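Common to both upcoming complexes is chain A, partnered first by chain B, then by chain C.
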Partner chain A sequence: MRNEIDGRVAWITIRPLIGLFPIFLFLGIFFIGPLVFNLSQSLHIGTEAPAFTQYIRILSDEFYLSVIRNTLLLAAVVTVTCALLGYPFAYAIARARGSLKSWLIFIMLAPLLVNVVIRSFGWMVLLSGNGVVNWVLEGLGLPPIALMYTWTGIAIATVHVFLPFMVLAIASGLETLDPRLEEAALVLGASRFSAFRLVTFPLSLEGLQTGSILVFTLTVGAFVTVMILGSSSTMVLPLLIYQQLTVVSDWPFAAALGVVLVLLITFILWLQARLSRANWRR
Partner chain B sequence: MQTLSLWLRIYVGLLTVFFLAPILIVVSVAFTSAGFVAFPPTGFSLRWFVKVLNGSQFLLPLWNSIQLGIASTLVSMLLAVPAAITLVRHRVPFGDVVIAFLLSPLSLPTIILAVGLLFFVAKVGLGSSFAGLVAGHAVITVPYVLRTVLGVYSGLNREVEEAAQVLGAGGFDTFRLVTLPLILPGLLAGGIFSFLLSFDEVAVALLLSNIDTTTLPVAILSYLVFNYDPAVAAISTIQMAVVIGLLFLLERIFGVQRVVFS
Partner chain C sequence: MSRFRNVIPSIGLGVAFIFGSGSLAMADSKPDKLVVAAYGGVWEQSVRETYAACFTEKTGIPVEIMTGESSNWLNQIRANPENPPIDVLPLGEIDALRAMHAGLLSKMTAAEVPNLSDIPAQFYEPWDGFAVGDSYGGLGIMYNAEKIKEPPTTWRELIDGIAAGEFGKVAWPSGTYTWGPALLWFVAQQYDDNIDTAFEKMKAIKPYVQKFWTTPVEALNLFATKEVDLVPYWDGRSFAFINEGNDWVKFYIPDPGAVGSLTPFAKVKGAPQVAWEFINCTLSPDAQLRMSEILRYPGSNPTVQYPEDLQNEFTPVDRIAVPPYKEILDKIPEWVERWNKTMR
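Entry: the complex of A and B
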């Protein structure tokens, strides 16, 4: 009798939550499952004695360490460039009205809708030895520049891939900002520049931070652009994982590299959480 | 009311060139009559479109991509709608944590998911089947559908649902006749977004597909590794047309500004 009542109480508490069951089951199997598999694969669990051999291999080899450094460096350069290029554009979107605003949003979204593979191909046509950029330079009487298969070329194309995310993040912050705040500063005698520096910019920092974290994590995980525009001397972590998997077929090593990548991203997200909490307190 | 200053206008113009150049260049190369990628394009012809549409090299992947996009979107919807309704309607214990977990696939690089899925799928015996691809893509797209549906449903006046129930509608009838029509714009917007994501996804498709299930981006990528000719530009232009058509639909249903700033 008591058990029956307990059972019914449990059912009444759980029953309304049944709608969450399918999604939890699905993500448990196809999202958490693969991640756990990845981790156990990297530690040789199930095949031999669990060991950290793969991780020691990564940390003791100068090449793999340099790949990790290059990945982080590329992400940092791309993030800073996106922030610098994207901010004025986001400001323009937030301040524009009517059809101009719609057009600016469309222009920013357009690249986002074209596949990364296709955009990289576009950059190939632009940057290659007899490509468009050199054709223009030649027309202007300037010497050609080699951008294909270099870090600079990869950085340019990657900025193009992720710039919309930065613009979106900054613009949605500026969008909610009351333009009258800036006008008030102007009325009170601030110059346009100091009104921007002292009022608008500090209030847009949150969007800038969100955008930066987003672009950084996306770049750390991106490999298609590097695959198409890079050469053997430009290697990043996700591409190395792909190669270890498909070319070398070294699954445990690829898994360990994957875990390193996840740890890097978790660290960045943790840093963001700390930063935004610090902002909150201020 | 401020207008944009001259310098800002010039800057916006320059950045517009940067944004659109690689895309427009691909389209212009697609219509060349030359046998190779050249700029400025020499002559106008549709020969590369004819070539692409006559062979099955890209048509099968295009068809695969469309099927995959639809299947993973449907799976995402079936998973996200009941979850969103439950999260809004009931006081779910640790609701914030639950939502954070359900949205967490967003911050994982797809290559990691792809690698994990590859191990997993091999172990479970799904092989490089279509089902494995659908599952992988649904993991990526379900957070987006969940987010849009959550957004629309939590903004809804739920007294309408209560009214329907007071008037005698059962749980399912209330959903079918009241809730569903009300969340439909959000659901469709999330669905189209989810389709576009799947249609564009490379990492999971690259690792989990085989020669029969390969998707369009993967086919273009593999072609690019060995070839450099206007055929790639032509098939790319076709893919863009599909995507822009869908965006137009999205704008019609929901309004781009609302999707962007939701």
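Entry: the complex of A and C
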């Protein structure tokens, strides 16, 4: 009798997961599988005795540590910039009505219709020494500035690429908020800024968090913009992986760099989840 | 029982027919298509209009062209050696060596590729007969003739002049470009075959290099927008740009010559035998002439007769320096890492 009850409880627990079997199979083959292959390549499994030589090479060399540092720093700068620029635009979308809302969404999404390679070449035209930006500066009597082949130029173009993801995530969160909460704060004597600071902004943090995670992970994995707008002084982890695969053909080292990239992203996401839980408890 | 006596011979005839026709099919198997890799843009156009057309005319088999890059194709056939997704490919020189060492290519003979007997050995010996170059290009100097009146006559003078700031900003191929290691080797040859000196010279020119480019498109953009007035660039691409009406541009090969680049075509192991006919087409005089008219690069078959205007654009083969790829192959990882660390 007890076994029968236990069996029923187990079946009730497992039954909802059966429907997820196809997605688990898909993830197992196309996500876990390549990661396992990558890991085995990086450890030389199958060709020689397993060894951590590639990881020792990465973690003991100041150049590779600086590449990791630059990758994370670029992602952080792009994420913060997208949040600062994206929040006002997302607020405007969330509060707009009718055709204005549609136009704002279209303006935000329009860049996504253009391939990122084309957009990067477009930024070359804008940011180059003879480009539009310097042409305007010279017209205003100001000295030209060097934006191409610098981290600044790369960050500007990368923000442009990933801003829509931040805006849409925040706007989705803001649209679920009841505007009467903000109205109630105003009626009770709060200023517009106080109502935003104490009511709207805290409630929109989840959307901001989602957008930040999205932009951060996308930036950490981006390399086309860095390759086109960067120089020999601006190396990031994905570009280094690409170089090791295409020019050097060093699969084990490229695999190790890939594993390091995945671990970094996983660690950042875990850290972010811990901080979020700590905030909720407060 | 009499009903079954009639059925059994019928079944036997049917089985014999199925296996017999299958055997005939295997003995005379013809693929429904041939998959050939080609670089994008005008390269794809040239392959489609020349070699693919030649092959289809001779065999009746259509050609499916897969565009991409050498490293991608190498990784694809390396990942699937039992059932390669590509039958014929034009790998880069280094990647052709890697594919050869990995046992991914088939060795050709004059019996399978009759046109091979016309081709000079320098176009297939670097790969021990596992690949053959259909054409070659030379890396020379494309410059703004309105700004630079008298360019230096030698590579050494050019490099030292760039380091001294005599030419303003230039664009130079990155050591991590596909032909970057080959150019590093070539620069070393200008300084007593000393690779350390080559890296020192690259460091010395860095303040005057607008961009160490990794794709020819970048280089052309920088030059065409006059961000730079001088760029090492391929002869065929340079003349294609000049012939678009850019009279302010000139191209030349400093002494002692140009870094050469060949396009070694190879048949992938496991590809159908009929793929040799495609390789044969890449070496045929008619197809190479048409290819040269499109790409402005000379073919490897010396029997091709070119019109004078086209001939004048070609770098003579005796001015082409082909790097010893077998010697530098194992040094590439070290040189690329050194480039990354030295040039940041």
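We take it that the second predicted complex is superposed on the first by the 242 of 282 C-alpha atoms of A that agree within 3 Å, B and C clash if a C-alpha of one lies under 4 Å from a C-alpha of the other, contacts with A are read in each partner's own complex, and residues count from 1 in each chain.
Following the convention adopted for this analysis, a contact is a pair of C-beta atoms (placed from the backbone, for glycine too) under 8 Å apart; a residue touches a chain by one contact, two chains touch by 3 or more.
All figures in this text were calculated on a predicted structure; none of them were measured in a lab.
Superposition of the two structures on chain A shows chain C clashing with chain B. Look at A:149: by the touch rule set out above, it reaches chain C but stays clear of chain B. Using the contact criterion defined above for the overlaid structures, shared-chain residue A:245 touches chain B and also reaches chain C. In the superposition on chain A, A:121 contacts both chain B and chain C.
In the superposed model, A:20 lies in contact with chain B only, and not with chain C.
Contacts of A:188 after superposition: neither chain B nor chain C is touched. In the superposition on chain A, A:232 contacts chain C only, with no contact to chain B.
Of the two partner chains placed by the overlay, only chain C lies in contact with A:63; chain B stays clear of it. In the superposed three-chain model, the partner touching more residues of chain A is B, compared with the other of chain B and chain C. In the superposition on chain A, chain A positions 121, 124, 227-228, 245-246 are in contact with chain B in one complex as well as with chain C in the other.
Taken in their complex, chain B has these residues touching chain A: 1-4, 8-9, 11-12, 15-16, 18-23, 25-26, 29, 37, 39-40, 75, 78-80, 82-83, 85-87, 89-90, 92, 98, 101-102, 104-105, 107-113, 115-120, 123, 135-136, 138-139, 142, 146, 196, 200, 202-203, 206-207, 216-217, 220-221, 224, 228, 232-233, 236, 239-240, 243-244, 247, 256-257, 260-261.
If you check the complex, the residues on chain A that touch chain C are 63, 121, 124, 128-130, 148-149, 227-228, 231-233, 235, 240, 243, 245-250.
Within the complex formed with chain B, the chain A residues making contact are 16-20, 22-23, 26-27, 29-31, 33-35, 37-38, 41, 85, 88-89, 91-92, 95-97, 100-102, 104-111, 113-119, 121-126, 131-132, 135, 157, 160, 163-164, 168, 171-172, 175, 179, 217-218, 220-224, 227-228, 238, 241-242, 245-246, 251, 254-255, 258, 261-262, 265, 269. Residue ranges on chain C touching chain A, taken from their complex, read 69, 71-72, 74-75, 95, 98, 174, 176-178, 180-181, 206, 210-212, 214, 218, 221, 225-227, 332-333, 336, 339-341, 343-344.
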